[in-house]
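Note that subunit A is present in both complexes that follow, paired respectively with subunit B and with subunit C.
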Partner chain A sequence: MFWTHYRLRLKSIVVNRSTFFWCAIFPFILSTLFYISFGSSLSDKSFPPVPAAVVIQGEGEGKTALLSFLKELERQEVLKLTVTGAEEASALLEEERIAGIIEYYDALQLILRSSGIEQSILKSVLDSYQRKSALFADIARENPAGLEAAAGMSAAVFAEDTTLSGRPANSSLQFFYALVAMSCMYASFYGLVMSADLQGNLSPLAVRRTLAPVKRWKMICGDYLAVLTVAVAVLLLLFAYLAFGLGIDFGSHVFLTVFTGIVGCMFGIAFGILLGSSNRQSLSAKIGISVSICMSCCFLAGQMINLIPVLIEKYVPVINRINPAQLIANSFYCLAFYDDYTRYTLNIVTLAVLTIAMGCAGILLMRRKKYASI
Partner chain B sequence: MPAFKLFLQIVNSKKYMIILYYGIFLVIFLLISGLTAQSAEGQYEETSLNVGVIDRDHSLMSKGLLAFLDDSHTLTDINDGKNAMQDALYRQEVSCLLIIPKGFGLKFASDGSIPLQSVSSPDNAQAGPLITSQLNDYLGNVSAYMDAGSTEEEALASARSLASIRTDIAFQDGQQVTSQDQLPGSYYYFLFYSYISLCIMLSCICPVLVVFYQPDVYRRCICSGTKLRAFNLQLALGTLCFTLFLLISLLTIGFVLSHGEVTFTQAGWIILNAAAFTLCATALACLCGYIAKNDMAVAGLANTIALSLCFLGGIFVPLELISSKVLAVSRLMPTYWYMTINRILFVNPDLTAADTVHLWQGIGLQLGFAAAVFSIALVVSRRRRQFTGR
Partner chain C sequence: MEASVVKVENLVKRYKDLLALDHFSLDIREGEIFGLLGPNGSGKTTTINCILSLLTYDKGSIQVFGRPMKPDSYDLKQEIGVIQQNVAVFDELTVYENIYYFCSLYIADKKRCRVLSEEALEFTGLTEYRKFRPKKLSGGLLRRLNIACGIAHKPKLLFMDEPTVAVDPQSRNKILEGIQELNKKGATIVYTSHYMEEVEQIATRIAIMDKGRMLAVGTAEELKSMIPAGETVRIHMLELDDRHLSAIRGLDCVFSADYRDEDLIIQCTRGRHNLMRILEYLTSHDLIFGEVYSQLPTLNDVFLEITGKQLRD
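What follows is the complex of A and B.
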């Protein structure tokens, strides 16, 4: 009888298109959207040349040197220059076709219209030029004989980027890890449908099942296993799509990564069961509440703005310790970027405790219910 | 007006979801506004990071370069151990780590070098390269001074004084410009208004239309004494009332919570921008309501459309991270123009004539989008009525 319940529940999940969309199709759509929006930053580390106008009035050694310096940067594709007059440059800046105007009349000045990464690059480049000019002027004044030796060393490299785990950092991975967490939490829809089909006051199917001469625990276990099977199958497909289709790095601990996803799905289902059995609202109202809570948890885990978990960790760290989406996303981080399993174990144990607590509460609310009239 | 009353009843059944969205939105806004710095008028400020330092050298050179970094960043000593370093990064105590290897100072002075190592936090990949770039610049200058004959101490001091040389920044037409890092919390409130208004409109208007276009309900309505035209007018009135309620309530909350961050002129433009965008959201809600057949489909459509528009329009992801090909598509989204107008209002509070043209352009495009989607919705509704009425 147990396997009959399992088989029938499996069929009903696959046939239910609405639930299937949420749990199976939506994460794929969102991951593709993420990849389209900023997927190029995952593989391409280079920044496109910054467009800037150069306005130089008069002549002089300094101005010639500046122009050569800027032309060299253009050759290295750091900048994209337009040497023009003041009025045309101003018009280009107003139309936002350039990031800034490099102006040299009596002194070097940078004219901006807004503030951002391109403007920061322009400023950084000009600061570097002015410092190098001051450096050589200083050396020429104090010790002209050392000028040639000084010129050779100033371009050497003294610091390099490295990692503790051998994997390069990538700010965009936050979005994808939170997306997998969202997919796990959306398994709550299966839990909602499952609880609605087990309580006689919530659906006609549940009425018939309640009247059937079958032990309730067999029904609950059969349904739960079927729901978990589908959720894990979809999760594995999502992992495969992200890892092989979009090239997202989950680290080398394949088994632990999948295990984290399974625990996440179990949490999602437990949450759905608890939500479904804790009140008598309609299924659509419960779905609305479930979506709101899941999206909020995912937002706090950095799915939309990757700075949110950083700010929360700084000011309200307890939210990061209990937010299930953040626990799942952090677990993926720990596996990918950290060698020590302590943090990972803490996250998984917390998630497991939340899952067991919610699951037990949900099942306790569902059991031994009697209806005066249905 | 039976149709209008039924509209209100269906929206009333969604009140818990609306309250939930409002509550979540306010909590997020309070979170962000409490954590963002107040804008410094017209100033350009460089990025300042929390840097974790592991100094294995303790030489004059290492102390000198740490003094240089301390001028523009916040330094924190971290225990020298992999666990401690990973903990510091994991708990976001620092944005990146700087490891000064043993013997660095000695090797540097003898014309060799053991490279310094910077390690970025996994979710802040730009921090390490920024520190690396600044250190290469500084140590290059130190090395140049030493090669020219200065002592180590003199070279460190001279290079540090060079670091205070900064290019003069001026803003076009002398206007005040606020940097991205210093935008007030109200900027983010009005930015995320777009996502919340889309979610609420799609979640509340669509179910009403789903109910009215169920075959049995629709057939009973067209058999009733109420004319179809009156029926549609009542639905339109209900939609308009709800749209106005959403617009007025969210804007009022926004202006109250902003308390003085927004000028009168900005407020006027914010209202126009929000009204134009809410109209777009209403149009999308009507179109989705005519397409969706049940509440689950509504929920799916609502979230897919809201997230897609917001991600592609640059609401959640900075435009600098989006490729130029995707930006070409983004410009078709109303969220892109809404975000652009919001950014102009807060980054350049002193609006120039060119800014005003951009603002009108953005509002016009949003209204055009709304008109286009309304037209499509009317066509779809007509076809739906033809099939449903049989």
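What follows is the complex of A and C.
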């Protein structure tokens, strides 16, 4: 009975046009559109170097340390420097050929004419240098020969810091990771359909199924397994399309990447079950609510503007810690770019806890055996 | 006396301030087609949902096949089939797959399940539509699919909640014939409707309910005997003076008589040959008349007698 139930439920879910479009077609269309939009930048591993002028007057240890630090960043293609005089630098800035001027007389100064991503990077560079300037001074005093190496090391750490703080090595990838997160969250539609077809006060079909001599948990398990199968199959196809069709880099941790997607789908389904079984709105109204919530989460995870998670990280980091779309997208990011699993593990554990909490609450609501009204 | 299949005693069900069932009692016996008749909102569906343990109730007791019915009474559910007012099938599965799916919830053996599904297809006349999806079926065929899904496992007790709503006359007749055939094969059927003609046509016993209360129960004849008047006779006459109208009212076979819009309408008493005696009076007095219609009392007259309102008000 169980496998008959599973097989026919599988078919009924796959053939459902509305959910099939949103869950299985829409992510492919969106990813293709993203690819068309970002096409050329996908092959780059980083932002183009930020053009800046360096104006240094006078001599001393501070100048040497700063120049070493900036040169190292230029070598790493974070910055593109023009060492020049004050007047020429001003002219370059006026003509918008550079993002800003790094000026060093007695103290370090940054001159900007506008604000933007490049200007933010320059500011971060100098903030990082100033934090470490005391260290450079000590090294210059005690071991002048090691000054260049220390500046280089510090610059390398800075380059890593910019990534860890949320700015992607390739900003376009953030869109695709958030898109996969969206696809996972759209599995909530399956959860909604599942609750509508199982809970007697939501549809005549559910009433008929409730009346059958089948234990409730068996029916729930059969449905859950069917929707999970469909959701994971769609996810695998999406991964294949993104990785092999569009050349999106998910890193080398294939198993963990797929595992993350599966946990994401489980979260989506659990969220759908909870939303579906918690109220008696129509299915279309619930799908509307679900779309709104999913899109909001994906927006906060940087699907539309990739700086959003950076801003959230700066001002309200707790949102990044509980936003499921950000947890999924960030997990992909961790797997693709870092070898440190601490952050990845934290993301997955948080996502699993959210999934279990929502799934349990939804199934408890669904398993009510008697209804006060139908 | 046949064994009791469904026994409901003093059932009370409230929806907040609304009393949906007011100390409602019912005893349905094996082999019956039991008609539950009442206007919309009278409590028919609530009664069935309580019996099926879909709804909680405030007071009373319900027994099915002599045992209390609970949500986890799987052995009892095994013997029950339900055809709901609303069509309840998967839009994404074909006609055959739908029947097979619901049958498989009751029958574990795949081979038997297949045989029963084929039988249900044939019984409801859906064999040629087996590969159709429900959305491609007409309203009548969809209702038949709804029935096929409810009967495929051959239940001993079948609840049919207004199964012919919005169905064309041809499909309706087919459905009603099918219900009688199922009954002949041994199923006890509980049939709710607000179409009195249907209930009268197929039910062996009828309960009339209104506002959550049982008003009367019995065979159609027993119920009709509750009203004092016999048949209603309507005679088309271009003219009739008051003298003759008074004389007609005085006939011993006439309960009441009225003349309006060129029609003489007579409510007869429960005697025999009433129509003949009225026509004898008209011909003997050289009164000219046209078409004559005679209608026996209906369940609507019974309902009118008991509640003072029409069944379809």
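By our rule, the second predicted complex is superposed on the first by the 244 of 374 C-alpha atoms of A that agree within 3 Å, B and C clash if a C-alpha of one lies under 4 Å from a C-alpha of the other, contacts with A are read in each partner's own complex, and residues count from 1 in each chain.
Simple rule for what comes next: a contact is a pair of C-beta atoms (placed from the backbone, for glycine too) under 8 Å apart; a residue touches a chain by one contact, two chains touch by 3 or more.
Treat the numbers as computed from the prediction; the structure is a model and nothing was measured.
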item: Which of subunit B and subunit C A:Leu173 touches, first, second, both or neither; value: first
item: First, second, both or neither for A:Glu87, with subunit B first and subunit C second; value: neither
item: Which of subunit B and subunit C A:Asp106 touches, first, second, both or neither; value: neither
item: Partner touching more residues of subunit A, whether subunit B or subunit C; value: B
item: Touching partner for A:Leu205 - first (subunit B), second (subunit C), both, neither; value: second
item: First (subunit B), second (subunit C), both or neither touched by A:Leu8; value: second
item: In the complex with subunit A, residue positions of subunit C that touch it; value: 15, 49, 52-56, 71-72, 74-75, 77-78, 80, 82, 84-93, 97, 100-102, 104-106, 108, 110, 113, 149-150
item: In the complex with subunit C, residue positions of subunit A that touch it; value: 1, 4-5, 8, 11-16, 200, 203-205, 207-215, 369-374
item: In the complex with subunit A, residue positions of subunit B that touch it; value: 13-14, 16-17, 20-21, 24, 28, 31-32, 34-35, 44, 46-47, 82-83, 85-87, 89-92, 97, 108, 113, 115-126, 128-129, 131-133, 135-137, 139-141, 143-145, 147-150, 158-159, 162-163, 165-172, 177-180, 203, 207, 294-297, 299-300, 303-304, 307-308, 310-312, 316-317, 320-324, 326, 347-348, 352, 354
item: Residues of subunit A defined as touching subunit B within the complex; value: 18-19, 21-22, 26, 29-30, 33-34, 36-38, 40-41, 48, 90, 93-95, 107-120, 123-124, 126-128, 130-132, 134-135, 138-139, 142-143, 145-147, 149-164, 168-174, 281, 284-285, 287-289, 291-292, 295-296, 299, 302, 304-306, 308-315, 317, 333-334, 336-340, 342-343
